[in-house]
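Every chain is named by a letter (A, B, C and D) in the order it is written, and numbering of its residues begins at 1.
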Amino acid sequence: MSEQALAHHFDTIEEQKEASSLGMWVFLVTEVMFFGGVFTAYAIYRHDYFNAFAAASHHLDIALGGINTAVLLTSSLTMVLAVNAAASGSRKALLGFLALTAVLGCVFLGIKAIEYGHKFEDGLFPGPGFRFEGPLARNAELFYIFYFSMTGLHALHMVIGVGLLAWLLALSRRGTFRPGYYTPVEVVGLYWHFVDVIWIFLFPILYLVGRHHGP
Amino acid sequence: MSASPHGSHPTARTCLVIYAALIVLTGMTILAAFIDLGSLSTPVALSIAGLKAALVGWFFMNLRAERGLTWVYAIAGLLWLAILYGLTLSDYVTRGWLSPLAG
Amino acid sequence: MWENFPLFPEAASTAASRVDRLFFFILIVCAFFTLLIFTLVFTFAIRYRRRSPSERPRPISGSLRLEIVWSLVPLAIAMVIFAWGSRLYVALARPPAEALHIFVVGKQWMWKFQHIEGQREINELHVPVGKPVRLTMSSEDVIHSLFVPAFRVKTDVLPGRYTRMWFEATKPGTYHLFCAEYCGTSHSEMRGRVVVMEPARFQEWLGGGRAGESLEARGAQLFAQLGCASCHEPAPGARGPSLVGLFGKTVELQGGGSVTADETYLRESIVNPQAKIVSGFQPIMPTYAGQVSEEGLLQLVVYIMSLEEKAARK
Amino acid sequence: MTTRLELSPPPQHYLNWSYTARSWLLSTDHKRIGILYLLSITFFFFIGGAFAVLIRLELMTPAGDLVHSETYNRLFTAHGVIMIFFFLIPSIPAVLGNFLIPLMIGARDLAFPKLNLLSWYIFLAGAAFTMAAVFSGGVDTGWTFYAPYSSVYSNSAVMLTGIGVFITGFSSILTGLNFIVTIHTLRAPGLTWFRLPLFVWAHYATSLIMVLGTPVLAITVALLALERLFGVGVFDPRIGGDPILFQHLFWFYSHPAVYIMILPGMGVVSEIVACFSRKRVFGYSAIALASLAIAVLGFLVWGHHMFVSGQSAYASNIFSILSFLVAIPSAIKVFNWTATFYRGSIAYDTPMLYAFGFIGLFTMGGLTGLFLATLAVDVHVHDTYFIVAHFHYIMVGGMVMAYMGGLHFWWPKITGRMYPEGWAKFAALVIFIGFNLTFFPQFVLGYLGMPRRYHVYPDEFQVLNVMSSAGASILGVGYLIPMIYFVWSIRHAPVASSNPWRAAGLEWQTPSPPPADNFPETPVVETEAYPYSEMEVEVVDV
């Protein structure tokens, strides 16, 4: 079984695991720069138009945002426990935690969909249909462009993450993973935690802008 | 190439402790947002988020047991983000500094 | 094709001669290093050509001393060039106070020039020789770039804000004016002429043309028509900050920070007043974006700047 | 260590074990993927070249009498986009890098072979979108896609091209990621970092730029596409957006991209210079570290594209001083190559001619960069033909010369056949002459003030434009000759020995062409890099 897992161009299973883990970390660096571009643009405009961004941010629903943060942190926990289960070889725990992580991911996406629904109804989706009272409308629309593009990009990465978890579930049901070889679980874990870290930053900078000004 | 020892994953108990800490920090960042910290509110929010990210990275992403090379790339990512943001900001911050007329 | 075949552009402004001197200095540095490398490579290639296939040259791995020398020497030369270029650039970036002020509006594929006395020109700019001229420019659509090769000056013209440029012509004549930033279908037809005239003939041209009302007058009318004075009259306790003597002053902003009140700040405060709120005032001013054309904004800005002179005269 | 010269070519190697389309299109062998890339980028090089010929034909006359201005704008944009994203950025890394890095470090393949094949398919997908854009009317925004023209005012196929460039960026990211992991984890025993060939160092530095820079281009093009889709976006001045922010995000990638193009070329030149002088490269570690320095400093200088764009004077000064710093490592490299010739045993084979050409033209290209880093001079020459001449000297004079040199140098290893030396030297000379006649007049045109991307121009610029167009036709012919004799050589050129140049390096210890698995058993390296002085070389004439 383990020979089949070792690719022909690696000498040892350790070397292959080393390469996969380094490969994922380098990929995460590209993701940091990918999100970094839009984070930079957001930070620059927030620096210039703080009042408008604060007013626009007050229309975001902190409760749903907070719950989503908790959901994502919980999914990170279940992911780590899944990796531990794979390392210790208990297949039932691995299947359970992977499934739980995937479900939590879907819950996050569900809450996100509800939030987007509310924003559509309130006419806060940028474009011709954008309605925002008061003199700050122009820059508020800029805020909502960032809100939708950043959370949308993050949600897209969540969908890919859930897909990868489904692929892991299929593999582990077929018994591919053993204490000697569970690299895919660990690598997908790294990706999942990274997507969680992106949300950890997204939540405060989008939802909590100048809240102390009152509603 | 000594790879990271297999058994170095954080134990279930450590994970739960870290998880609890993360939930508490989330609560803190929400509360902090409602207190009028003036110009400090953004740095506080970002440092709490940075702490949470460090916890996830150190324990959940097992940076704790990783070799130096993984650290180099993790830090390179943040450093290049700082280059992008810093040098772009240098243009925006200094735009108003040059007085419009000489003398 | 052969009758007019220049290899070097005319130098028709004070900046031109200074930029050319810097250009020739860098050219000499480059020529020296290029010749050095060419001769070294050529002589080594000839002198050490392979005489027999089994020839084995002595191993030379390198010398740290040489590496340091050919790092620091180019660095030193580079810093000299940087300092010279930077000093000249900053001088180019700030027009002298007594410069003749002309306004430019770039629009897809034409240039519109407006003198303060009211003259309007399309794709032609008449300026006096020997007097600094300051251009305040903005665009109605995409990014353009005003480029006068003979004066060695170029600045992009942006939608939504003012950029500035200045020059002092030294030779009467007619010079090319190009759009240097790609701006669409007829980018290469967005050209014009700068006509430099003796001061006397320039005054004659200025007076003779159909001099409509001056920009300031039109600005005053628009200022009254939009009812700006209701908030911005210079009495204490007014709802809007006083505009008298505002241009060039440093303005304290709400929530800390300050900004110099240049043309861009005046324009932004009309189009997007919420962006920068003066400390001690409420953000109640509505936006006039869309209600006032690009020329209208120019007239208002010139009028507000003229308030500054009135206060000084009183 | 004796060079095992004459291995009898094994009956089976990576080319002849199977000729089916499936074995090529689904191959995860880094050598075959290198060949797939070679065919695709050659195709795009000639398409981009065709657009260049049309541009030069149009510019023969001051009036716009060959094509209308809309067509001309689409021509130079297509020339820019295709040449940069589909030839210059992938060429040396994806062809020579893919083929040689595993061989040079004694590995059997790259770390992620399947990702390597995926990278080629992503490249094709991006190319499909871009060609769809070109054939459905083309895009007329210039390869820089500056907002607000590209986001609001242009009604050409900006969206399609944007998607094409977005997708192709990931092909570059995957290649970079693959090289970084391979160089870190799959080096042969004894092959420490400072024994690696400089070709591998150059590709490691290039991969850093690919991995750290390309994602920012991807997000910038994505934001631009969103703005076109929804009619409102982050660069739209009407709602407070700032077009200069687009330029910051765009040039953050696009300036390091020019180092993605030139660094691999420097790697090739280091190899050629060492082999044909039969000498270790002078200052090996200086060149190796200079590659890394260029990769890092390359990210700090993008603002020199925006000195006149409304950027603040303070930021312009910062970017100007940093731009001078990035010039130093390049200067160090040129001095070290020149010093390598000292007391060498220099042979004038075609690769060496291309290396001489590279050193000469890259020096001129690099030095003219000093004019652009100098604030006051850049104000005059920005967006004129001086800039066009500068980057063509570096990209065509530098990178394409190095690519041609590398192709000739490793052709025996890739195909097992030599190339006709006489024709090759003639082609190199024609290319050198054609190149200089094309682009040197453009420096003069630039300082005269002829702006870039002009469809019609004042009469006094005509003579220099006619010279440039004449040079372009010579250059075009120069590039066709190698195309012909390379194809001819596969069938009819003499069979190559495993080390025709008697070069040092692990790739020359495999037979030509190498077997599918490169090394029967992983080689062990005991010597320093370029051990030419220790190599006892008995000459065997094949």
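The rule we apply is simple: a contact is a pair of C-beta atoms (placed from the backbone, for glycine too) under 8 Å apart; a residue touches a chain by one contact, two chains touch by 3 or more.
Note that the structure is predicted; figures quoted are calculated from it, not measured.
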item: A-D compared against C-D, more contacting pairs; value: C-D
item: Inter-chain centre distance, chain C versus chain D - centres from mean C-alpha coordinates, in Å; value: 35
item: Mean-CA-position distance for chain C and chain A (Å); value: 45
item: Centre-of-Cα separation between chain C and chain B, whole angstrom; value: 40
item: Residues of chain B whose C-beta touches two or more other chains; value: 1, 69, 76-77, 80, 84, 88, 92, 97-98
item: Residues within chain D bordering two or more other chains; value: 184-185, 212, 216, 238, 240, 242, 244-245, 249, 252, 313
item: Chain C, residues touching no fewer than two other chains; value: 93, 255, 272, 275, 289
item: Pairwise touch network: line, ring, star, complete, or other; value: complete
item: Residue ranges of chain B in contact with chain A within the complex; value: 1, 3-4, 6-7, 9-12, 15-16, 19, 22-23, 26, 29-30, 33-37, 41, 45-46, 48-49, 52-53, 56-57, 59-62, 66, 69-70, 73-74, 76-78, 80-81, 84-85, 88-89, 92-93
item: Interfacial residue positions of chain D with respect to chain C in the complex; value: 64, 69-70, 73, 140-142, 146, 148-149, 152-154, 237-238, 240, 242-244, 277-280, 282-286, 307-310, 313, 316-317, 320-321, 324-325, 327-328, 331-332, 334-336, 338-339, 341-348, 356, 359-360, 363-364, 367-368, 370-371, 373-380, 382-384, 444, 447-449, 451-460, 462-463, 466, 532-533, 535, 537-539
item: Residue ranges of chain C touching chain D (in the complex, touch as defined); value: 1-2, 4-9, 18-19, 22-23, 26, 29-30, 33-34, 37-38, 40-41, 44-45, 48-51, 53-63, 66-67, 70-71, 74-75, 78-79, 81-82, 84-86, 88-90, 92-93, 108, 141-143, 145, 147, 149-150, 152-156, 158-161, 163, 176, 178-189, 272, 275, 289
item: In the complex with chain D, residue positions of chain A that touch it; value: 7-11, 15, 18-19, 22-23, 26-27, 29-31, 33-38, 40-41, 44-45, 48-49, 52, 126-128, 130, 138-139, 141-142, 145-146, 149
item: Contacting residues of chain C [partner chain B, same complex]; value: 91, 93-97, 164, 247-248, 255-256, 259-260, 262-263, 265
